[in-house]
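Submitted below is the structure of interest, expressed as structure tokens.
In this document, chain identifiers A, B, C and D correspond to the written order of the chains, with residue numbering beginning at 1 in each.
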Amino acid sequence: MKRSIRKILIANRGEIAVRVIRACRDMGLTSVAVYSEADCTAYHVRLADEAYLIGEALSSESYLVHDKIIDVAKKSGADAIHPGYGFLAENATFAQRCADEGIIFIGPSPKTIAMLGDKIQARRAAIEANLPVVPGAEIDAANVHKALETAADVRFPILIKATAGGGGKGMRMVEKAEEFEEAVKRASSEALSAFGDGRVFIEHFLQRPRHIEIQILCDHHGNCIHLGERECSIQRRHQKLIEESPSPFVTEKLRQEMGEAAIKIARSTGYVGAGTVEFMVDQEGHYYFLEVNTRLQVEHPVTEMVTGFDLVREQVRIAEGDVLGYDQSDIRFSGHAIECRICAEDPEQGFVPSSGVLKNYRIPSGPGVRVDSGVVIFSEVPVYYDPLIAKLIVWGKDRDEAILRTRRALDEYRVSGLKTTLGFHQAVMDNATFRQGKLSTSFLAEEYPDNRFIQLDDTVRETAAIALALDKFLRARKIAVSNNSSSRRGDSNWKQFHRRKNLRNFGGSR
Amino acid sequence: MLRYLVTIDGHEYDIEMEYRAEGFDVSLNGKKRKVIQYKLGESRSLLLVDGQSHEVDVRGGCLDSSKIIFMQGQEIPGQIEDYNLAQLRKTAGMTTAAAIDRTVRAPMPGLVVEVKVAKGDSVTKGQPLLVIEAMKMENIIKAQGDGTVKEIYVEVGKSVEKAGKMLEFE
Amino acid sequence: MKRSIRKILIANRGEIAVRVIRACRDMGLTSVAVYSEADCTAYHVRLADEAYLIGEALSSESYLVHDKIIDVAKKSGADAIHPGYGFLAENATFAQRCADEGIIFIGPSPKTIAMLGDKIQARRAAIEANLPVVPGAEIDAANVHKALETAADVRFPILIKATAGGGGKGMRMVEKAEEFEEAVKRASSEALSAFGDGRVFIEHFLQRPRHIEIQILCDHHGNCIHLGERECSIQRRHQKLIEESPSPFVTEKLRQEMGEAAIKIARSTGYVGAGTVEFMVDQEGHYYFLEVNTRLQVEHPVTEMVTGFDLVREQVRIAEGDVLGYDQSDIRFSGHAIECRICAEDPEQGFVPSSGVLKNYRIPSGPGVRVDSGVVIFSEVPVYYDPLIAKLIVWGKDRDEAILRTRRALDEYRVSGLKTTLGFHQAVMDNATFRQGKLSTSFLAEEYPDNRFIQLDDTVRETAAIALALDKFLRARKIAVSNNSSSRRGDSNWKQFHRRKNLRNFGGSR
Amino acid sequence: MLRYLVTIDGHEYDIEMEYRAEGFDVSLNGKKRKVIQYKLGESRSLLLVDGQSHEVDVRGGCLDSSKIIFMQGQEIPGQIEDYNLAQLRKTAGMTTAAAIDRTVRAPMPGLVVEVKVAKGDSVTKGQPLLVIEAMKMENIIKAQGDGTVKEIYVEVGKSVEKAGKMLEFE
């Protein structure tokens, strides 16, 4: 059963590839990167021990091509493949292919992935394991009349979701029956293009729910524990933007209940590896099973910060056949962690993606600050992939400290060349409702109905005005001096200023 | 001493500025400020405004009246004019606002997956014009006002650059 | 007794000023920086809420001038002054001046500073508190004959130390009587220039001792706890280079004993604030009191990483008159932390200081990695001050993981424009004796007698050779192309290459 | 195909190099390597040597035969010559080593606190010449060999730049 892993191929890109490569280094393992033509100089390629080109920019020509990934794994002699999240992470066919080729797929078995990846089956499994679920049903996008009847049974407002999908893709909220047909068509088409599977299902849409999920770890020997919850309620269009652990809402009792529920479904489905059981929680504290993500989550670092676990290390150990070596009573939670997803998007323009070269890029650090970044200065952010460029994860002894420290780290962060969500996160950290921990998935819509996040205060406006005036003033003085360099009066003063300016110009331009 | 009219986020500032050996004397809508500047690079500098520390980055062409100021992780657009010229302009009732653009430009780089209108079509405000796929999300581009489509510059299956011309109204 | 602190002046520069400014932000307090003319664009000036110029580059004209610091404190309305380490941190006169001016000095009382800052008095206090000390005595540098007699009593090898000093300044090891006179003169002159006090004393020099110190916290209400030990044995010329916590040598029993000893001397001297009690520990585990540092240590972050405490926050809370609020039994240690001091020095040239502009500067991050840096890209490192530009602090679940992770983080670090100790730290992390935890203050002298730290392996040499050849090859091709652009044969191939090259040139130069 | 003689850390490498569409064919002391290069900036690039990833930065003038390669946090000095020229030079018994320097230069920037010798003094190897204070530490500069002091360029109390001339032997 025990299989040793010495070399890992990372079938991914961006920050998660960097995250896994770092874990390899931290464990003394060799890392193999793959990259598309758009990622020739990407940071994950630079950081890995080995790197191989696997095709054109489109992920359907590179990161999603099973044959190419398997080829590189064999060529480089990798024992195992880590899929990260997205791409092939929840692809049962690929996991099976790895097994057939004798390569360890770092994740659950193909059977588990297939079963839990199908939301209908996962829902059934949850019901069998006695987990509460929200009312819902599968529909046939081609038969709209029938689908509409089902929708009426489930009760509007409803949520349309891709059966094969995750991460909010293909998801649509529909408030009224009139909007239903168009939304089903659009969701099904998005699902088809994103997952190659147009099937969708519907669920009753809970009012102002919280999104809270439980991290689990299960080994090959029947041991299964949970590492507490993450609250991921700050979302837009079902895309998580800010996550934290612990949830400001979850009591010790609720944590225990939800943790036990998560372990129950994991055990009933023979789950092995790291996984996440997602729940919706209403304002009364009733929780409903949502889905199981059979992979590492984007937001896994907040759990790492409060538990001291390295989840990638645990994934590798489990894949090797190791026994967990600890039980639920050994798990300790300490402090509070917050993650901000730094995306190449313009929040003020409805979060439209932004791409380009990072002309400046400086990450914050210091006590309690971690940045999982897929880019460095001068990196190009291509248009082809997810806009997530980095994650800022901050630990504080309590939620208040974590928020203030996150605010500080956001201020220290420097990015230019692209629009990012930095200013958005600054606004949320200053938001009184957020500070009070009154979260729900409607938070953004309620607090920022017009997508205006950035509120300039007087000091910022005044300083900007002075900066602009000074910029023009100095150019005018420069022109005045060159036009009038023989003039004696005022000249000495200018010269002195100029000398000082040079003295102080430690810039990069010289 | 030079005098400017600066507009930031809809607020106007009347700024007078003078260079002194120990820093700049600034009058901002009549309030006195002592400003020390240290250059950090081509466009970046550290400003100490009455001791308050701010890292700023002023971007834009030398002669542009519209510039962008980066500070505290934010991008702030601003306009600057010579104060006297601005007064003249105001008296003459002129405006600096740009002409309204009849061109629909791509808000992001992406792939055109659907064109929902044809040349000559009359459209009303809010009507979907095109669908662009970017970073795996479909984005519907809607009409910002009523009009007639004069020209379409994009095709389904082709990519479009950020701010690339997509469509023009008459 | 309770005094509220809202605004703190940081009477320091470099990484420790940045560290304290960050703590201010994390606590929601306003920070005031001071700076010399050499530090106009320094990172601490950029990061602080307010900043004031206090004089010329030489610290005797700026950072050491009591009047100037007090003036800025009053002008800016600061309630408190944090002295960092070095400069005024252990200056009793300055602490007294603050008290007289009604400004809170964040540190112990002037009386405690004066008493413990005098090594002779501190030694006496340790003896009275029943702490073991090494044989030693005060000497008169002017009366060399008498001093030599005393030295013979103490037994060679001996260590000469500045009575008023710390941080290794003015320290000299003397093996034989013949070298004694010159060494005393030099040490006394260094002490005079560094501390304005030429007094020196001597101690018997222990063979291959470990340097292990205990972090203490004491409030105004008689509560006093310790936060475990730091091992700082990797030193050169009594300058610490690498520190860790816990010590690989210290058992639970020894930790408890040394912790209790540290608390004993703290209590007997009425200590209030954060402090460090330093010990020498011989290879048999006997420990000897060395001195008490009445300030934050450079290496305080390793303690923060294993205990979860923010020591600057605790300093501020104690200065406000807060009760600690926890006792010894609440202190938990988790994992292992290592700090590498990144200095602008050339280790291969006997650690000579290096100065200049940081043409490139990229800090590592990710799980368990913290960088306390006083510089950013394009910062200038002036010649006037301490060569410490940053500290890399790494946490791992155990010492092995901490070492591998430190190695990884060092590899990710990028600095150019200056020589640094990065390569030195890489070498030590790979060193078998270090990995086994067999440390002593003689480690460097024994392991690297010729100061040669960097061992290139075949892969690095071969890759460097290829890089050099490729560089020349591409220049030659470029010349060939421009000389021969009308030639048809081979041209298409070249063009293709050139096109690809441009496609891939995401560099900063365009 | 071009051929070079490269010296790194005392090791000589005979390198033949040819450009192919899919990367460079390199022969390194007869061992075949496939090398892919991606530029990261002016002097920095990413090299994939048989798939192994290395970030390198080659610094030095265009025509210099001595360059510095930065990689893995280290600075590695190297020399490169055309292979055939190198062979000719070797046959002719010439050396590329620089003439021995009779000039004592400052190993660091600092303040001269003591000059222990005078013009015309004979000194022996290891004898202290000067004391420089840098970053609060006194550093004694010793003679690297025997000689007679021809000229002293520094004064007590004055600062000296890194690599600045301090003293010259006859």
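Structure notes:
Following the convention adopted for this analysis, a residue touches a chain if its C-beta (ideal position, glycine included) is under 8 Å from a C-beta of that chain, and two chains touch if they have at least 3 such contacts.
Here the structure is a predicted model, which means the values were calculated and not measured.
Number of steps on the shortest path from chain A to chain D, with steps defined by chain touch: 1.
More C-beta pairs in contact connect the chains of A-B than those of the other pair, out of A-B and B-C. With centres set at the average Cα position, the gap from chain B to chain C is 46 Å. Chain A and chain B have Cα centroids lying 30 Å from one another. Centre-to-centre separation between chain A and chain C, using Cα means, comes to 36 Å.
Contacts with at least two other chains are made by residues 38-41, 52 of chain D.
Multi-chain contact residues of chain C (touching two or more other chains): 40-41, 47, 378, 411, 504, 506-508. Residues of chain A touching chain C in their complex: 18-19, 22-23, 25-28, 40-41, 47, 301, 304, 308, 310, 334-335, 357, 359, 362-363, 365-373, 376-380, 396-397, 401, 404-405, 407-408, 411-412, 504, 506-508. Within the complex formed with chain A, the residues of chain D that make contact are 36, 38-41, 46, 48, 51-53, 55. Chain C contributes residues 32-33, 40-41, 45-53, 75-76, 378 to its touches with chain B in the complex. Against chain C, the residues of chain D that register as touching in their complex are 2, 4, 6, 8-9, 11, 13, 15, 17, 19, 21, 24, 26, 28, 33, 35, 37-42, 44-45, 47, 49, 52, 54, 56-58, 62, 67, 69-76, 78, 80, 107-110, 133-139, 159, 162. Against chain D, the residues of chain C that register as touching in their complex are 169, 186, 189-190, 193-194, 349, 352-355, 383-387, 410-411, 413-416, 419, 422-423, 426, 454, 456, 459-473, 475-477, 493-494, 496-497, 501, 504-509.
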